[in-house]
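Multiple structures follow.
Two complexes, one shared chain (subunit A), two partners (subunit B, subunit C).
On to the complex of A and B.
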C-alpha cells in the first residue's frame, strides 16, 4: 500500500523488505509473541540483528495489525533514522481518497525534509513514468503465461517479481527488455498437468511456487502480495499525481483489508480464471494472518459454489514442509482428475 | 473446584444486604419471566427452539449468585442491583431482536448505538451473545467456536469473532434488517463481517476509522462517516434521524457519565469503596451496550451512592484491601468470577480497567454536527479503538496513566491468546513495567474458550504470581493470612 513512485523519486531507491533466509525468530518472538505473522517476526529478527543498517528509512502502511505492531516494536528495539506509518483508509470513496492524498502529501514533505530530495509533482510524474515502463514490461511478460503451454514457469516469473522489488527501476527496465526478446521464442514446452492460480497472503519466496510446480503444474496467474495481479497495472498519470496515486491505491487494492470489496475481489478471481484458462485455484494464507485467514474461509466457499476447484493451504513463512505441500498439491490434482 | 471452595468460606452476609440481594434475584426472575409474556406463547416457543442460547440466558441468576457470594455490605448490594438491571437490559435487547426484526440493526460493538436508537431502530450488538453467554456458563459458546473453525475460520483467530460467526453459521443469530460494522477493533473483528454478510444476506454498512485517532482531521473524517451511516440507514430502513431524540439520548448519556466520573474519584481512595463489576460491568452495559438510557443513569448514580456510603463510613469494598490492580484487556469472560475470587484469596481490588477508562466522555448537544463529532471522539478515543488502532503509545499511555491515577500496585494483563494486537505488545510492556517497577501479571488464557486454559489454571497463574513476585501466599479467609 506504499506507492513506489514516491519512494523512487528524486534519486531514492525503494526496497520492499523480505527475509526468507531467516531460520528462526527467537529475538523477535520475545517482543511480538509467537502468534504474530511470521513475515513480520522475521523482519524484526533481522532488524534486531542489525541487518537493515544500510536502509535510510522505513515507510509502513497501516495495512494490518501485525505490520502496525512491527512499526511499534521497531521503534522500541531498533529505532531507524526515519519511520513513517501511512494511514490508509479501509474503504473506497471521495473522503477516503482525499484522506489518503493528504497522507501522501504529508509523507512527501517529511521525506523531502529528511532526505533532501525533490518530491514535487513534476518529480513524482517522472518517477511514475519510470515505474510504468518497468510495469508494462513485466506485465507483457506476465501475459505470456496465458499461452498454453506458457512461455515461462510461475517460479521464473516470481523470481523476476522478487528481483523487481529490490532493484532500482532504471537498471531493471534494461534487463527486462532483453529477457522479453528471449522469451518470445521459447514456446516449445510440453503441456502442464494443470494450470493453477495462487491467491492469498504474501509469497516472496519463489521456492514455494517451485514446489507447487514440481508435480507437473504451472502457476499461470497469481493474486497475492508480491504477486502480479493487480500489482502490475500502471500508475495513472494525472494533473495531480498524488491524488491519482491515492485513488489508484484504494480502488486497485485487492487486499482483504479493503473491507467493502469482497465481491469485487471474487469477481476479479473469476475473471482471471477465465482469461488464463485456470484449472484450479490454490488459496493460501500465512499462519496467524487474520485478514487472509478469514477471507479465505469466505473465498473458498464462494469459489466452490461457482464450481471452481479449490485447494486451501496454511503456510509457514520461510519454507519448510515441502514434502507435505507436494502431497497436498498432488492430491488436489487427482481430485480434479489430472 | 477451587472457586467454590474459596467462596464457601466467605463471611456471612449482613441481614440488609441479604434482603437486597434476594430482592434483586426476584427482580431478575421477574424480568426473565416477562420476556415470555412480551413475546407471547407462540414466539416464545419458537424462539426457544430456534435459539438454544436463550436457555443459557435464562440461568442468569446463577451468575448473580456466584458474583454476590462472598461479598458483603454495600459492595454486595451494588453487585446484586447491577446484575438485576443488567438482566432487565438483556431481556429488553433480546425481546427487541426477536419481536422486531424489521427494526433491528445488528451492530459491531464499537458502533455508537445512540444513532440507531435516535432513528427509532433497535440496536442488537453482534458480539453481545459471545460476551454474555460464557459469563453465565463458561462452556456456552464452545460449540459455536467449533462451528466457525469447521467452516474454515483459522483456529488462531480471536474466539469472539469465532463465536459470533459460529452463532450465525448455525442459524442462531436473529436475522436483522441491516448490519452496521467498522474496521475496529482488530483485523479479525473486521473480517468476520465478510462471512456474516454473506450468511445473513442483509445490507451491510462499514464505518472507517483512521489509524491515528488523535487529530481533529480524524474527528472530522469519522464524524463524516457517521453522517454517511445515517443517510445509508435512512435509505435501507424506513427509519429517519430524529435529532431531538439523539440530543435527549446524549444528554442522558452525559448525566450518566457525570456520575461515573464522580465514582472514579471515589475509587482513587484507599481502600476503594467499590471494585470490579460495579465499575467495569456498569460501564460496559450502560455506556457501550445501552448508552443514554434512564436505566443507565440510575445505575451509575446507584453505584456512586454505594461507593459514597462506604467511603463515608471508611469502609472498602473488600474486607481487607491488600493490593490494587488495574486490568488491561477485556475481563476474562470464561472466568468472570476471577475478581470475586481474587478479592478473598489475595486481597486484590480491581479498581480500574481498560474497557472502563475513557477520554472525551461528554457530548456537546448544541448542534447535530457537535453531537456527531463528540460521538466520533467517544468511539475513537474510547477503549479498544484507541488501543488497537493507534500507535502503541495509546496503549501504554492509558495503562500507566490509570495505574498511577488509581494507585495500583500491580497490573494484570488478561493475555487473551487470540488478541494478536496485544500479544505483539507484551515484550515492550514487560520492559516498561520493569522500568517503572510495577509488578505485571500476564494471564495466559482464551477470552471465550475454557478448553484452552481452564478457570482453575487461571487461578493457578494468579497464585504463582502472588507467591513468586509479590511474596505472599493465599489468604482465603477475608484477609486472614494462611501461610
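On to the complex of A and C.
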C-alpha cells in the first residue's frame, strides 16, 4: 500500500522487494518467530546478508503485523539510512482518507528532506502521469487475457509484473509498447484445458504460476492485495494528488486487512469470473499470512455456494513442492471434468 | 480378442499395475520403486504381464493410464490422471457406498470426498512434511529395529499408549529414543506411533468432511494397528475393500482406462 508515484517522483526509483532466490532463512529465524510470514523472513534474511545495501531507503505500509516486525527488526539488525512506516487505516471513509493523506504528506516531507527531491503536488502529478502510462499499457495487455485462447499465458504476464516492479517507469513504458504490438498478432495459441483465476496473497514468483499452467491451464485473471488484473487501474489525477492517491489506495485494496469489505471483494471476484470466462478459482495464501489465511476460509465457502469451483492452496515462499502442486491442480481440473 | 486395459501407479515407495479385461481384474503387480520412475513402470507392467495366460497380450493393451507421483514418466501411458482421482475411482469400484477415501502412501497422505457418482468433490493433501505417511512409520520402525509388519503386530499387544506428541518425524524420533531409554514397553511405543499418525490423518480427513462410508487405501492401510487407532477418531469403522488397498490407485487408473477405451 505504498504509492509508487511518491517513490518515483523527483528522480527517485521505486523497487518492490522480493527474494524468490532465498535458500532458507536461518539468520532471520533468529529474530522472527516460526509463524511469521515467509516473505517477511526472506526479506530480513537478505537484508542481513547485506543484499539490499544499494537501497537508499525503505518505505513500509503497516499492512499487517508481519511487515511491522520486519521494519522493527530491520532497524535493529541492519538499520537503513531511511526507514518510514505508513500508518494505514483499516476502514474506508472520509476520516480514513484524510488520515492516510496526512500520512502520505508526512512521508513526502521526510523524503524531500532526506533525498533533496521535489515532491510538490506538481511533481507528484507528473509522476502519476508517468506511472499511469505504464499502468494503462499493462492494463491493455492484461485485457488480452480475456480472449480465448488468450494472447499470453499468466506466466508471461506475471514475468511482466515482476519486471515492472524493478524497472524505471519511462524505460518500461517503451518496452511494453513494443510488446503490445507483438501480442496483437499472436493468435495461434492452443485452447487451454481450463481458464483459471488466482486469488489471495501477493504472488511475486512467476514460477508458481508456471507450474499451475504446466498441467494445461491458463491463468487468465488474478486478484491479490493489489492487482494484478484487474487491479492495475491508473491512479486518479486530481487537484490534490495526495488525497486522490489515499482514496485510491483505500478503495482499490483487495487485501483482507481492510475491514467490512468482504462482500465487495467477493463481488469483484464474481465480476471477474464472468468477464474473463473463468472456469475455476485457485485461492491461495502464503504460509503464515494471517490475513489471507482467514479470508480464504470464508471466500472458499462463498464461492462454492455461488457454484464456482474452488481449489484452496497454501503456498511456500521460495518455491518447492512443485510435484504436489501439479497433483493438486490436475486433480482439481479432473474434478471439474476437464 | 479380449481387450485389456491397465493402470500403472508409480509411487514413491512402490510401483503398482492392475490389468482389467471388460469384466474383471486379470492381473496385478506390486514392486519396490526403482530410482527411475520409468523403470518402475516397465518392471511392474512386465511382472503383471507374466501373470496373464498370454504375457505378450500386455504389449497390445487397449489403453493404459499412468498415475502416482511418477505418472508423467510412464513411457507407455496413453494419458496420466492424478492419484487423487484414481484412488476415488478405485475405491468406489470396490465399494460403491464409499464417500470418503483416506489414502496413506509412502510420502503423501490424502483425504478425498466423493460425490455419489464417484467423482471427486473435495480433497486435502499433506504438505512437504512426512508426518502421517509411510515414511514416518519407516523412520519409527528403524528406531525400534523392527519391520513394518512387526510394528503393526506390536501395537495390538499394547497395555497402554505411550504419548508421542510431536508430529514432526525428526522430533518424534527423539521422543521414541527417550521412551526406549526410559524402558517403556515397545508395544506401548508402537501404539503411540499408531495414534500419532492416526491423529494426523484424522485432522486431514476432517478438512474434507468425513462422510460414511470411509475407506482407507495406500500401503499404510495394511497396517492394522493404524486402522484400529483411526476408527475411534473417525467414530466409525473403515469399510473393507475387496482388493489389496495398495493397488487401489492402479485399479482406479485401469477403470478409467477401460471407461475411456469403451467410450464411456
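Throughout what follows, the second predicted complex is superposed on the first by the 332 of 338 C-alpha atoms of A that agree within 3 Å, B and C clash if a C-alpha of one lies under 4 Å from a C-alpha of the other, contacts with A are read in each partner's own complex, and residues count from 1 in each chain.
Note that contacts are C-beta pairs under 8 Å (C-beta built on N, C-alpha and C of every residue); 3 or more make two chains touch, one makes a residue touch a chain.
Values in this document were obtained by computation on a predicted structure and should not be read as measured data.
Superimposing the complexes on subunit A yields a three-chain arrangement in which subunit B and subunit C fit side by side. Applying the stated contact rule after C-alpha superposition, one finds that A:301 touches subunit B and leaves subunit C untouched. Counting the residues of subunit A touched by each of subunit B and subunit C gives the higher count for B.
Applying the stated contact rule after C-alpha superposition, one finds that A:314 touches each of subunit B and subunit C. In the superposition on chain A, contact is made by A:334 with subunit C only, not with subunit B.
Applying the stated contact rule after C-alpha superposition, one finds that A:323 touches subunit C and leaves subunit B untouched. Using the contact criterion defined above for the overlaid structures, shared-chain residue A:30 touches subunit B, although it does not reach subunit C.
Of the two partner chains placed by superposition, A:145 touches none, neither subunit B nor subunit C. Put simply, subunit B and subunit C get as close as 5 Å, counting only Cα atoms, in the superposed view. Residues 314 of subunit A contact both subunit B in one complex and subunit C in the other.
On the side of subunit A, the complex with subunit C involves touching residues 314, 316, 320-321, 323-324, 327-328, 330-331, 334-335, 337.
Of all the residues in subunit A, the ones that touch subunit B in their complex are 30-33, 35-36, 62, 64-66, 68-73, 75-76, 85, 87-91, 95-96, 99, 102, 256-257, 259-260, 262, 285, 287-288, 290-291, 293-298, 300-302, 312, 314.
Considering their complex, residues 151-154, 156-158, 161, 183, 186-188, 190-195, 197-198, 206, 208, 210-212, 217, 221, 224-225, 228, 388, 391-392, 417, 420-421, 423-428, 431 of subunit B touch subunit A. Touching subunit A in their complex are the following residues of subunit C: 69, 81-85, 108, 119-123, 125, 127-128.
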